[in-house]
Structures are given as C-alpha cells and as structure tokens.
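You will see chain A twice below: alongside chain B first, and alongside chain C after that.
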Partner chain A sequence: MSSSKSHSPPVDFGLAFPALVAGRLLLALTSLPDALKHDHQLSSALTSYSNLQEGIYLFKHGVDPYSGGSFRHSPLYLALFTTILPVTGVGAAIVWTLCDAVGAWALVNIWRARQRVSSTERDSLVAAAYLLNPYILLPSLARSTSSFENTLMLLSLMFASQGKASASILAICFLLHLHPPSMLLIFFPLLMLIITNPTSRLASPRPFKELNPNRDKLYPLMAECVLYACTFSLASTVVSGGTAWIMQTWGASVTLPDLTPNTGLWWYFFTEMFDHFRPFFLMVFTVHLLIYILPICIKFQHDPLYAAFLLIGVLGTFKAYPTLSDPGLFLSMIAIFPEMYPYFRHPIVTALLHLHASLLMPLFNHLWLHQGTGNANFFYASTLVFACSNGAALVDCIWAGLRIAIGEEKEGYAVVQE
Partner chain B sequence: MEREVARPVPPWARILNKVRQRLRPKNATETRIRRRQAMIGLLTRRLPWLRLALFCVGYIWMIIIPSPQLGRGTYIDENALQPGQWALNCGQVNTYWSWGDVHTADKYLAQLEVLRDTNATSDQRAQFVMKEFHRLGISASTQSYMFSARSGRREGTNAYGILSSPRTSGTEAMVISASWLSRTGEGDGTLNLRGVSTVLALAGFLKGYSLWAKDIVFVISDGYMDGMHAWLAAYHGSSQSNLEADRLELSSGVIWTALNIDYPGHSFSHLGIFFEGLNGRLPNQDLLNSFQRISRYTGGVPVILYDHLDPRENPGHSDLPSWLPPSIRGQREVQTYAYQAKNVARHFMYQARGQSSGVHGLFHRYRIDTFTLFALPATGPHGFHAIGRIVESTLRTTNNLLERLHASFFFYIMTGPDRFLKIGSYLPSAILVSVAMMFGGLRVWVDAGWKVQSGSEKPLAGSSTNTTPLKWSKRQRPVLDVLCIMAFTHILGALLFSLISTSWYIEHQTMASPLLFMLLAILPSIALVFPPNADPHASGSRSSVLKALNLCIASTVISIISVLNFSLAALLAMLLGVPLSISSAKGPIHIRGLKYAGYTLLGLGWLLFAKEQARQAIWNWQILSVWFAPFACIVYVPLVLQAGLVCLLPPDS
Partner chain C sequence: MQAGWKAKFLLGLSLCLSALGSPIGEQFDEQLTLKSLRDGKVLSRFSFTTLLKGASPRNPQTLGSDDISQHYTIFPLALGQILREYAITEMHLTLNAGNWNYDRWGYPEEAGVGTGAELWAWMGDGPSDTVDDRWKGLRNALAGLFCASLGSLDEQRTTAPVRSFEPEGNLPDWGPPHQIRHASLASEHVCTENLTPFLKLLPCKSLSGIASLLNPHRLFDADWHGMGVHVLWREGEGVEVRLAFQSISDPVRYSLGRKQDWDFRTLFDRTIDRKCPVAQSSHVVVALPTSAEFDISPEPTSNAAGLATFDVATLNKPLDVGLRWRFDFQYPLDFDSPTSSLSVQRTLRGSSQARGQLSLVLKNHRNTSLHVVYLETMPWLVQFYLHTLQIYINGSRNDDAMSDMTYMPSIPHARPATFQCVLAVPPGGALHLTMDVAKSFLRYTEHPPDAQRGWDLPPAILTPFDPTSNRSANDPIGGRIYTPALLVDLATPDFSMPYNVIIFTCSLVAFIFGSVFNLLTRKFVVVHIEPTKDKKE
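Right, the complex of A and B next:
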C-alpha cells in the first residue's frame, strides 16, 4: 500500500522476532493443523502433508514409495524425515515453525544486504510481513512442504546477496530437488546477483556491464552447481534405491499426472483437455513459464534481486502445482522494496482483488465439496480471480520498478508506456 | 506551404498517407492521454449520479423480486428423476397404497393417542415405535441423546428402522422421517401424531414391494429439531462437544434424499413445502418440482408454499391490507404480487437468519436434499389415503436416482409452488448495491490521498467563470492506524460474541443487554486517543480513510455472502448500503455525537429490542452451528461501529 510507513516507534527486532516466532509456534500447537491439512488450497499434490506421511510409512516398511503413484516428494525429504526431522506431533509443529522463522530471518537479511546496513528500523516489519502473511501462515499450519521450498528460495537469495556464492548455489540445488521449476526460473537472476550486489538501482538503471560483474566467477559457479546437483541426485538414487523418483518428482511438474484441485490454473484446464492435445498444451504451459526469464532479466539487469522477485511472482501465478504460499512469498517480498511504493499503479484495486479472491476461494471450495450446491466451475472461477489478483500485483510491481527511474511526476506531464 | 501543395502528389501516396495517419497519428500518445483524462474526469464528475443510480436500481430490483414478471414457471432440469415423472405424465399412475393401509395407519394413530394421553416418556414412545418396527420384520433400534446448551438441557430418544434394499447391497439410502413435534409455530408443542402413524404404516406397506434400489430408513425423531440433529450427527459420525448421543446400532449407506412428513391436523386441504435448510442452504429444486407434480397429478392434492394459501384460488383469503381501495385489491396482478411477496418474505425470514424452516433443514448439512411435506390442517378433504399415495410415488421417483442430484438448481427463490426466480434474476440486486458502495469507497480513498494546495484553493469571489485549474498535492494515507482501528472493532465484536454466548448472559438477559449495549457503545471511542492529524497536507484524515476501507470491506462482504446466502446479503445491503455511504465527519460535534448514537443503535439495537431472537440465534449456533450469530457479532456490528467512528473521528480540515 502506498503509505504503510508507520508513525509508531520502531519495535526492537531482537524482541519482536522471537515474539512472532513464539506466536507462530503457539498457533502450530493448537488443533488448527488437523483441520487444515486436507485443504486443497493449502497444499498441492506435490507438497501435501498426508502424501508425505504415506510415503514415509511405505519407505519405513520397505516398500518403494515411488511405485504407487501418489507420493511425489523428493527422496531428500524421505532421508531427512526418517532420520533427523520428526514428522508428527509437537516435533512437526516445531520443524515447520522453525522453517518459516528461518525464511523470515533470511528475508530480513536480504533486506539488510540491500540497504547495506547491519540492522534497520524496518526489520521487524519485514519479519512480520513474512510470518504473519496468511498466505504463508496457513500452508505452514497445514504442514505443506512448500514452506521448505520458500525457505530455501529465500536462503539462496540471502546467501547470494551476502556474496556467499557456494552456499547460495548449494541452497538452489537443494531447491532443484524439491521443486525444479522454482530453481529453473530463479537460477539466471541468482547468478547475476552473485556476481554483482543486491543494492537498489531501480532509480538509476544502467547496463549490466557498468555494475562491474565478476564474470570470472561464472564458470566455477556453474561447475559447482552441476557438482551439487549430481551429488544430490546420487544421494536421492541411493536413498530411494532406484531412479523411479526422477519421473515421480521432477516429471510431475511437467507431465501433470495428478489433477487434484489447487489454486493454480493448470488442473482445471487439463481436466477438460482431450488426451491428444495434452502433450502440446503441457509444452505450451511449461514454455510459457520459461519465456519470462530473459525479458525480465534484460529489463531489470541493473537490479537482479528485483528480477528474481518478479520471477517469483510469475512462478506464484503460473506454476503447475501452486499452493497459497507461492504467491504469498511474492507478496511478502514486497516488504523489502519500499522505494517503489509511491509508484504502484493501482495498489487499492490489487488489494481489493486479493481480498475478494481470498474470500471467494475457500467459499467456492466449500460450496463445491462440502455443501454440494456448487461445482468445480465455481472453484475454478475463484482461482481465476486469484490469478487476476496475482497478475495485478505483478503488473503493479513491474510498473513501479520501471516507473521509479523517471521520478516524480511534474505538473502538466504524463508518463506512458510505449 | 503553398509551394509544397503545388507539387503534385501521386494519388497512391495520398491514400497511403491517410491510412498511415489514421493508423498512427503523429501525437497518438498525447491523444490517448487526453482521452483517458477526459474519461476519468467525466467518470469522477458523474460518480455521485452513477452511485445513486446503482443504489436505486439495486433496491428497486429487490422490491420487484416478487413481481410475476420476473419469475418463470418451474420445470424439471435434470433427467435423473424423470422416469417416475414420465410414468406420471402419461397417466400410468399406478400406486398400490390402499384403504387397507389407511386402516393400519388409523390403528397406529389410536395407539399413539393412548401414549399421548398417558403422558408416555420419550423412552416409552421410542420403545413402542421400535417394537412396531420389529413386529413388521424391520430391524430397528433406539438412540438416546442429551444436549447441554448454556440455556438448558434437552434430552430424548429417537427410534429408527432400516428396511434393507432387496435389490442392492445397501450402499445408498433414502430417509422417511417424522418428528414427534410438528413444525406448527416452529415447534410450539403441537404433536405430529399423524405424521408418525404415516411413517409406521408406510414401513409396513413399503416392505411388501421389491422395487427398492436403496435402503429405506425410517426415523421417528424426538422433540422438534434436537432429535433429528442427534440422530444425523451419530449417523455421520460427527461429534459435538455439547451433545451426548448413543452410537447407532444399525447403519446403512449414503443418504441421498429424505422426506420429512409433518401432519399435525385431523385432515388437510393442501400440502405445503418447507425447504430452507440451516445456514441458508436450499435443496435441489428438481426434488421440489417432482413432488409438486406428483402431488398434483397422482394424489390430486394442490401444493402450496409454506402454509400460505393462494388468495386467487381461495377467495376468502387476502394478503392485502384492508385499507387499500377495493379497485386495487381486486386486481389480479396486485393480488399475485402480494401473494408472492408474502412467500418471498417468509423465505427471507428463514434464510437470512440461517434458520431451518423445519426438521428437513438438518439434513442439508450432510449434502442430503430434503424438504418437509406439511399437511395444512383443515376440515378436509384429504387424509392418510392421499398422503400415502403421494409419498409412495415420490419415493419411487427418488428411487430412480443413479447419482446425487447435482446439475440443476440449488440457487433459486420460490415465489409460488410452481414459480421461481433463477439466480440471474435476483443476484444482481445485491451486487449492484455492493458495487455502488465499492465506488463510494474508492472515491473516498482517492480523495483522502489528495489535497488542494492552499493559495489556489478558492477562486476569487464573484468570478464564477474562473477556470484556473486547482493545484493538487499528494499526501499520505494513514492506512496502518486505520487498520488498527478496524481490527480493534472486530476484536470488540468477538468479545461481544463470547459474552453473549455465556450462561451468565442467558440467565440475566434483561440486565446484561443494556449493560453490553453501553459498553459496546463507549469502548470504540478509545479510537479517539490517536493524536489528531497535525498536518493535513502531509497526510489525510483517519476519518476518511476509515470510511473508504469500511465501505470497500462492507461491499466485499455483501457480494461474497450473496452467493452463499442471498437473503442475508440482501439484508446487509439494506442495513449497510445507504447508512455506511452517508457517514461523514462533517458538522459540529453534537451532531456527530448524535450520528454516532444512531449508528450504535443500528448496530447494537438488537441487544435491546430483539432479545428473544438473540437467544434463538445463540441456541442455533451452539446446538446447530448456524453461523448467523457469530457473523452478526464479528462482521456486522463492527462494520456499523466503524461507520459510527467515521463520524466521531476528527474530520479532514
């Protein structure tokens, strides 16, 4: 919103952050997770908690979880949750809350790196924007594994902003195993971010060359990336005892085998599709995601962090198996770009669209699946509204990111897009 | 210039130039900007009129909902129920219910009357019914239950029997039920003895036929709503903290449809349909339409909506007030309107409060389509013979279902037994009002962000033709403060709700209501502690930003609720539409205080003037999970209080 700058005295981050995390933990310990975990909007087929539990159960009992067709989580989850991480009870509540806490901490660090200071008055607000965002809070309560994806995404951006190249590449390769499309979209701007720095140059755009990118780092980084990816793949193969996981996890975001309803645009479209058109449209939808990378990276070459932010928005709007936390990450990240607030195109309209969508989606889901008076078209219509609101937010941010370079509007002049 | 013109231009080039100019004029961007500015200017100038028009059209639309011009005749939309219908329409009416069965029903009635006269307990009654089922060879059982609401306990015993389908494995079922208390006077204590006898006699009769493709479950529920609620909860395994009910010993498959029989009088003249379920859910309309046709053609019994007799067919009745001149009262159009308006008003009364109009409404929670068949007490001419045949035929129709009714109407307003409104002909009324509110909110939002720069504020007095454009400067909107105020009022609403659902409030309602009213009226003024706006040029007033957000959120609530429960949305549109739009912080302080008092009365008046309804709503929430009471406290009251605060907060200087 154009004026969320508060007059209230800044809250100490050292105090606010633990308080926020404690509040989140209390919420996670209530009975809410049980009520939410089967909700379609909060977890997709790829991130569902009950699927994860099923897979772990099968895995522990010596059955290959990838032979059944319903388990689509990465073998790395299997490895983690059967050894060090608890998957049920209080332990799970702590794991998911901590995961979001790490995400919020990473977001605060990205903000600090962008401002090139060690702490600011805004830190608490940024952390709150992540921890209290209902789009992130609810999937986390429903124990959707999309919380881990978000955290890894933020961690890789944080390390990249802080110049810790290897750590960043490690995080993004981990993300590649949990959810490949996120990694593919974000990889290019991430590399740009690593070889430059995250400070805001939105107001003074200039060619990438003038940012003194450290190109020599590029090839070692690529090699490192391949190395990590191969290691993780090897680990996955060893853990799951075969290569069936490749089609079940990586393949799923491309071949769309599970059409369980979610908040995205794909499921309904492919439910209605004749089988012989399926491959073609799968290709179109997948390529559609990828075509945004280059234009956004070229247009925002002066500020790779902003490019990454926009691509996260694209991902949240158009990806194959989204949950609410994907657009949620995009919306929370708006908190670290306060310089563009005065240049939003239509913030109130976007906010109202989001309000409508976030009320309509649970309502129509209820009408369709519980009350029985509506049908699938109702819910699909509400996901279209949601897509529109995400699109509007994206347009707002792209507009603001470009418009900020022109500066304050002068009397008698108008700015247009040619 | 002239010299250039003198040079000959080839015709093709001239045409090309024209085309080029048409396609891409030199100052295209400028034209576009000017056009856009002109359009925005036009819209801004006409906005008050546009809003007024939207409000008027919306409200007038609501008024003409009962008009005969708007509705249309009912028809069967889905083929699922058709086979039974087809047989009917072709005159192949073949029902087997005979006078012998009527005699059986009479004998059951005599036994039930003995039970009534000896003041039998619920348990004895249930035992009687169970024994009768057993005697017929139907497996049967009883179920005891106890509700412990804050307002007191209710206990009883249900009896039920299950007739297994001779044709299938019992994965699907239909229910025939009768509650011990009739719905007359919303369960005022009238007994439904003939309804119960009908179900018992039907049990014996239906057992003799092998055409059932679904199990038939007979339920005689105790009390009015409570018994059936306990039975359904146990059947579907849903638990509720204030309900202790026995587990059901017998069970059957998924219940698709149900029929609730309510026959309180000695004889009946019409069969009335009651169909509103809990939380405003309606049954599939095909079910009602099929029943209406069966009743008319098979049973020869006219169908009415609720217990409203149609004045056009019953000249003794008139819904019109007596002070109207006879020339108007006699007109058929007017009579039709009055009759349909009465039906629609009754529908609104049930649906807006989320109340069920009978025992059938409890089924809706579990996606079971049902309605109550109410035998309108009269001196004649119909009795057990007619009702038996109609129920038999209706059951055979629902027996044809191959899947759950799903494709046809769930969103409708019945204006008469054979007339209704589709969603498209009533929904826009509430939406238009909500759009008008949204436009109002956006307008206030824009105004709050701009300020006329001092110096260029007023054109010189007397020079009305002064056209120098005003200079506007942008300013901040105190969004965060306002969001805090709004959150505060909603928390107050939640507090109010938790207070009125305590047993303390229910016991001391006469004393507690004024107390709560005062408390809720005074507490919001805490919002005034925010220091007044120092610099009107740097930031807009909280009052106007609050008004903007209040209008936008109220509009959103109305349009979202309209899909779920149209009557409630219409009620909100009437209560919030104009009042929220005219809230303003202008005027001297005592006028603003008066306005605030008015809003408090609008928001909280029910605490003082509708105590009985409040009790009922709380009971409905605690026992039947009707969300009207929490919705009113947590959404409606805060929205009105916010409008009151708009008047109280310091105005824009």
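Right, the complex of A and C next:
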C-alpha cells in the first residue's frame, strides 16, 4: 500500500512519510523478524540481534557479557536496552521502525539542506528510497543493530548539513562507539561539511579555499569531539564495569575473531588464510579501508557531502563485518544526488550485477548451510559478485561526480580520460 | 626348571627385603565384581587398590624445594612421581569406550563412565607454580604414561566445575583453598595401548591374581569398556591409588543357544591360575540373580546378602567361576521400570550448520521430587544462547524449575563455556529443557583431517541430590550421570583452495582500488572525433 504512493513523485510528504512508516511497522509486527533474525546476510556477528539479546540476558543476570567471546555490541547498547528501550516484542518492532523512520527523515533533511529549500516534491521519493530499499528494510526487519549505525551516520550528516556542528559531532562520536570504522572514514569529510555547506558544486569544481570554509570552528570542534568520545568511553566503562569491551567491540573490526559468513570480502579470505600471514593481511585490509579517505576528500573538496557519500560506498564494499544495510545506505543515498543521473558510466551493468548477487547470495547461503547441497565456494563466489556490484556502483558514482563538470557531450566530441 | 627356581627364590628374597626395608606400610587389595544385568549382559568390574599407609600428598608450598625420596615396593612409582612432581591431592582419570545405558544397566560400580577421556584433579594452590601450570604438566605426564591424547585436554577443554566433582577423599588444610580442574575429550578412543601401561602399574602385572583375567582380546570386544585411575587421600589412612576396569560383556552373543550362562572362560577366555602373592585380599564377588534358578560353581567361600564371595588365595587353582541358568534367556521387551531413578536424554537438534537447538529431557522415576545439578562444559565450537532457554515440566512452560544458575561464557580459541544449574524434576514427571545454540565457523587450519565427520562434544553431567541433605555427591540417589556424547556438524570451507581464495579476493580488491584511483588521478578531457582522423582539442 505504501509503495503505490511512493512511486508517483508529487505526493504530499506529510502523507506519504507516515504511510511508509506505518507500512514498515506492520511488516515489523508480522512473524518476519523471527524468520530473518538468523540470516547471515542481514546481520553480522557485530550487529546480530541474537547476540544482543544474549548479552542483555547475561548483563541482567550478573555475568559480564564481555568475559565471553560472542557479545561484540557496544556497552551503550547494553545501557539503552536494559533501561529505556525494549528489546523484544512489539516494543522492539517500534524501536527498529522508528530508527528507520528517523534515518529516512534525516536523509530527506540532507536532501532539503543540499537544495536549500524547506520542502520539495522529491521528499517522498527520497524517504521511499530509504524506507523501501530492501537492503535496508530486511536488516531492519531482522533487527540488526546496523540500522542504528545507519541512522546515526545520516543524523550526523544531517546536522552537519544544517550547520548544527555540536549535534553532528555528538552523533558521530556515538557512532564511534557503535562502529569505529564508519566514524573514522566519515569524520574528515564531515568536518569539511560542517565548516562549509552541503550545496551541490559537482558541476563547478573549485578549490576548497574558495568555499570560504570557517576554519576557526575546527579546533573547538576537535576539542568537542575528544570530549564526547571520552565521555562515551567513560560511560561504556562504567556500564560494563571494566575495559574488556574495548577489545571485544573495537578490536573485533581489526582482528576479525568471528568468521561467520557475511556479505563482505573478509570472512572467507581469513578462513582460508595461512596462519602466519594472518596479521599481515589483517593490517593490509584495515589500511586499505583508510587509504581512500584522503584522495576522495581531495578530489571532491568542492563537495564534501559527495565525498562522504563515496566513502560510505567504500565502507559498504570493504568493511570487516558488513551487512546488506551498509551497501544499502550507499544505494539509498544516490536518491539525493539526482544531478548526476545522466552521467553514470554503466548503470545497467551495475544494476544487473546487484540483481545477480542479491538473488544468488541467499540461495547459495541456504544451499551451503541449511540444505547441505552446496559448499562454501558457492556462497563465496556470490559475495565476490556482490563486491563487484558494489565496486561498480562506487566507480559509477565517482565517474558521474567527475564527469558532470564537463557537461553535455556535443555532436562530434567525446569525453575521455587523459 | 633351574632358572625358574632361581627366579622364584630371588623374587621371594627381594619381597622379604623390601617388606623389611619399606619405610611406610603398603597394602594391595584386589577385587572382581560380576553382575548379571537384566538384558542378559554381564558387568565385570576389576578394582586394584594400593594404600600407602600414613602418606600424605605433597604440599604445593614445598614445590620449590627438594622432595622427600620415594621408595615404594607395591605402589606404582611412575604414578607416584607424577603425583608428587605436580603436587596433586586427588586425581581421577577415566578412559571409556561406548555409552553407558543407565536405564538398562543401572548405575555403574565406578561413577566415571563418560565417553572418551576424562581427567579431573584437585590441587592446592602454591606460591611457585600456579594450578594451571601444574594441571598442564599433569595431563602431559599422564598422556605419556597412558599413551593417550590427554595433551589435547588443553585450555580449550578445561573447566572448574566445583559442584559436580566434589572430592571423593579428604583435602588437607594447607591454607590456600584447593582448586579443581576438569577436562574431557569425547573423541578419545581407549584401546590396548592404554591397557598395557595400566597393567604395568599393578604389582603382579597380568601374570597372576585377578589381573590375569584382563585379556585385551576379550575386554575390547565388550559392549562397553573403560578403565580408570583414581588417586585420593584419606585422612588418617594414607594415599590410595585405585586402578579400575569395567566392562559389559554379552554372554548371549557368545553362547550357541540362547543361554546367558557365563564363566571366566567365556567372559575373558582365561582362568585364574595363580594368586598374586603381595595381595592382602583377593576376592571375586558375584551378585546372585534373585528371580531365576541357577547354579554357581565352584562353591563360594561365603554367601551373604545375595553376594557370593570367592577367596582367590584359598580356592583351588585354576579358578573358573561360572554361573549357569536352568532356562533359556528371555529378552525383556519392555523396560517399563528403569533401574535408575533418573532417565536422561540429550540431543542436538536442527540440520543447519549455522545454528541448532540443545534439548535435554529428564524423567524422574521416583515418587518424590528430585533435584539435579546439570553441568554442561561446552567447547567454544558451540555457543549457547541462554536467553532462549526454556523449561517445560510435563509439557507446560515452567522456567522456575531452574535455580542456582552459574555460567561462564566461552571464548573462541581459548576457553569452553561452563553452564551449571539445579533442575527440579517433579515426582514421576518429565522435564524438558531447550536452548538455541550457534555453531562456530572455524579457520581452515583448525578443522581435523576428517572434517566432515563433525566434532565430538563432551557429555553433560547430571548429579541428582536430595535438597534436604547437605552433601550433593555420593548420596544414596546415585552418583554422576553422564549423557552420551554429541556430534556436532560444523560448516567446512573448501580445503583445496586457500591460494585461489587469496588470489580471487586480492584481485577483486586490486581491481576496484585500481578503477577508483584511475578515476581520481586522471583528468577528463573532451576530444573531437572526425570520421577520418582523431584530433585533440
């Protein structure tokens, strides 16, 4: 019912958005979450709902959840879910739906801030792109905590776009505690976005200096960031009653202790890795993620929001414990950059690759682990295709973001790279 | 002939000398207990007890300094050295093959019947070597002594379940409290290479006395067999070493007709030809059937309370004790009255290689309520989801039946999980416990060579106790009950292609990295295309 409304763009946002959220809530209240919560593609070891419930159960029964090996959620989740947020039943359905609704609302606000208007006809479409994206919808139905990470990421970008520096820094510091790699990758373009503005300048690139960045804000912002990060760390330490959470949560993204299959490239690589090369390749894969920050920020210095968007794409492709919602966030964010649509490089190929991967991944995962008729290589191959499709989407967007500056092609002329 | 006399003389002389020169008294007793079971099988249990009178275990406080010298005549020196080197107060090692069927066979004579190897020890804490260091030394030394893979009982298998393994002897008061270490390995197979070192620890080896019946060909052909070494200290008596062997043989299988008759010849293919000269006592005890008519031969030395006792020292050799029934054996088709007070069934359900469900069914056969200590020591291969734990009493949900829960979660590659709780089973009722579990995904180097076979999980241990009395172990309800071991099927990666995976993944990463940096570093230019020649603008 909600999808029919979203497909015609000139729909009143005040009507379409509640309808979409209500539709989502209805889905969350069915028995779907129970069927999906174990799925490896929808929640990783770091974001799994079962692990979260187990950690909360242990925490309530006086066992330190970080003394074991399976609980890798932040102590902030423990604090929230044992006090104000419900973790089961209808309450949980509402929490996860609200979380997605806030994410969609943040995405709409980013779009509005980028257009410098208070509302547009596209608002409903942008919200639908987030709420109806299966890559985001399904992990949220499976109650993966990656939904919270996505929402925080969008909130920090929204506040940064609206010029609310402190709120943005607060959101990103919260994200640091839920998932450090996201924060590390996005922090630099986020700062650039805070001291400039989110207006689209893709078509007219110019050096960062000419955007009149407010450099004086930087140092107070950094100090604020350190303050928030320390406060959250202290809170985590107090909640969990020790510092064991640091290795269990932050360390997991670097040392990859859990090799449960997911949609990423890491798990099978390190399942098959020779033991004496493991630390080296862990280092390589971690550094590889960070290597994209500077070049992308330099090349897209005229549009920090676009740089942040591309880094979210890098994260969805290469991070250690991805779920479908990580590339999903990247794909949904494409909705707020309509100016680049005519300049995609191979949109058909990318879409077909995504279709191929999203059909084969659940199939091969089921065949390997539940049916027993396939082996690990089948699922691995489909994750390779998925990585190809994410990489192709990333390349498409980078190409479009650069190509847009050249403008329309004239008869008898062609645009090539030097 | 002459050589034989000489040997006997020398042996006698050395025995006299050693008896005179022995600093502390040593006493050796041996006993064989035989019992016909309801399903026609025969339980035989050998027990060889050596008591070192007045001795006490080594105080771990003295581990840094020189130990007292050890002179034994009967007590096994190889074992004594290990016990004193690592200052072990109490130790139990069992190596078993097969599943003990409590419903049909009742409680075993020796409580430790868990499948595979099980080792547990009580040790005092000392200043120089920690308990864990000595535990490691102990299991490696025993692995060498008994030719068993006890070295695999490492940190990934070691737990400290105090409630289910209370000391059977006494613990000396040395100041720091004693600690327990327990580990079991269900995949360990007991065989003749373990029996040979076991026999070497006996003063008469398998040459004479009751030990001469320990014929590996027959023992390892039994339906169930297991050996155990138990060391404990009794205050005021001394250090006791008990070597035990239990087996369940099936005489109906050996007989030509359908008779459950047995004698030493059919059970062990041997008879007792000589007595063991150093044995203080040497008895064969036969539990006489109550229901059927039977003949026992030879005439027992004494016969009381349904037990016929044969004194090996006084009876004519060769001694071949046998029990003969008048009628054919009728196999009981229904076991509606199990011989144990508690029936246990533990299964791992679900066909998925990612998760499963652990299910435990307890049936109380008594007409009073029964409290049971339930212990799971689970390797990290299987992770418990305690929040999914559900308990049903006679089919209806009742989570209050569980109390006193202690849980230590597992750490991958480091520590198993220890889950312990007390379950209350109503009289004549059934308790059904279910819990979801997640199965781990291992690195390809961690899988055993026969990876598709799966992993053996150690048995769960249930200790029924009377909630009104103080002691939980060794009470009349029965000792520990071991469930059969479980087999868990873990997902396997492809073992043939580590290189391929490294190459594929690295190529893909390099491809995307290359494409991105290609776009980021190269400038876009507009070129003019003419039909005949290209011209750059």
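Methods note: the second predicted complex is superposed on the first by the 409 of 418 C-alpha atoms of A that agree within 3 Å, B and C clash if a C-alpha of one lies under 4 Å from a C-alpha of the other, contacts with A are read in each partner's own complex, and residues count from 1 in each chain.
Note that a residue touches a chain if its C-beta (ideal position, glycine included) is under 8 Å from a C-beta of that chain, and two chains touch if they have at least 3 such contacts.
None of these values were measured; they are calculated from a predicted model.
By the touch criterion defined above, A:S50 reaches chain C but does not reach chain B. When the shared chain is aligned, chain C comes close enough to touch A:R403, but chain B does not. After overlaying the two complexes on the shared chain, residue contacts for A:G372 are found with chain B and with chain C alike.
Applying the stated contact rule after C-alpha superposition, one finds that A:L363 touches chain B and leaves chain C untouched.
Residue contacts after overlaying the shared chain place A:P65 against chain C, while chain B stays out of touching range.
In the superposition on chain A, contact is made by A:T317 with chain C only, not with chain B.
Put simply, more of the residues of chain A are touched by C, taking chain B and chain C as the two choices.
Of the two partner chains placed by superposition, chain B and chain C are both touched by A:A414.
Once the two complexes are laid over each other on the shared chain, residue contacts for A:L352 go to chain B alone; chain C is not touched. With the contact threshold set out at the top, residues 370, 372, 375, 414, 416, 418 of chain A are in contact with chain B in one structure and with chain C in the other. Those residues of chain C whose C-beta lies close enough to touch chain A in the complex are 351-355, 380, 383, 385-387, 405, 407-412, 414, 417, 436, 438, 440-445, 491-494, 497-498, 501-502, 504-505, 508-509, 511-513, 515-530, 537. Of all residues in chain A, only 38, 40, 50, 53-54, 56-58, 61, 63, 65, 67-71, 257-261, 265, 267-275, 288, 291-292, 295-296, 299, 314, 317-318, 368-370, 372, 375-377, 380, 384, 387-388, 391, 394-395, 398-399, 402-403, 405-406, 412-418 touch chain C in the complex they form. Across the interface of their complex, chain B is touched by residues 1-8, 348, 352, 355-356, 359-360, 363-364, 367, 370-375, 411, 414, 416, 418 of chain A.
Touching chain A in their complex are the following residues of chain B: 29, 32-33, 37, 281-282, 364, 367, 404, 406, 410-411, 438, 442, 445, 449, 471, 476-481, 539, 552-553, 556, 559-560, 563-564.
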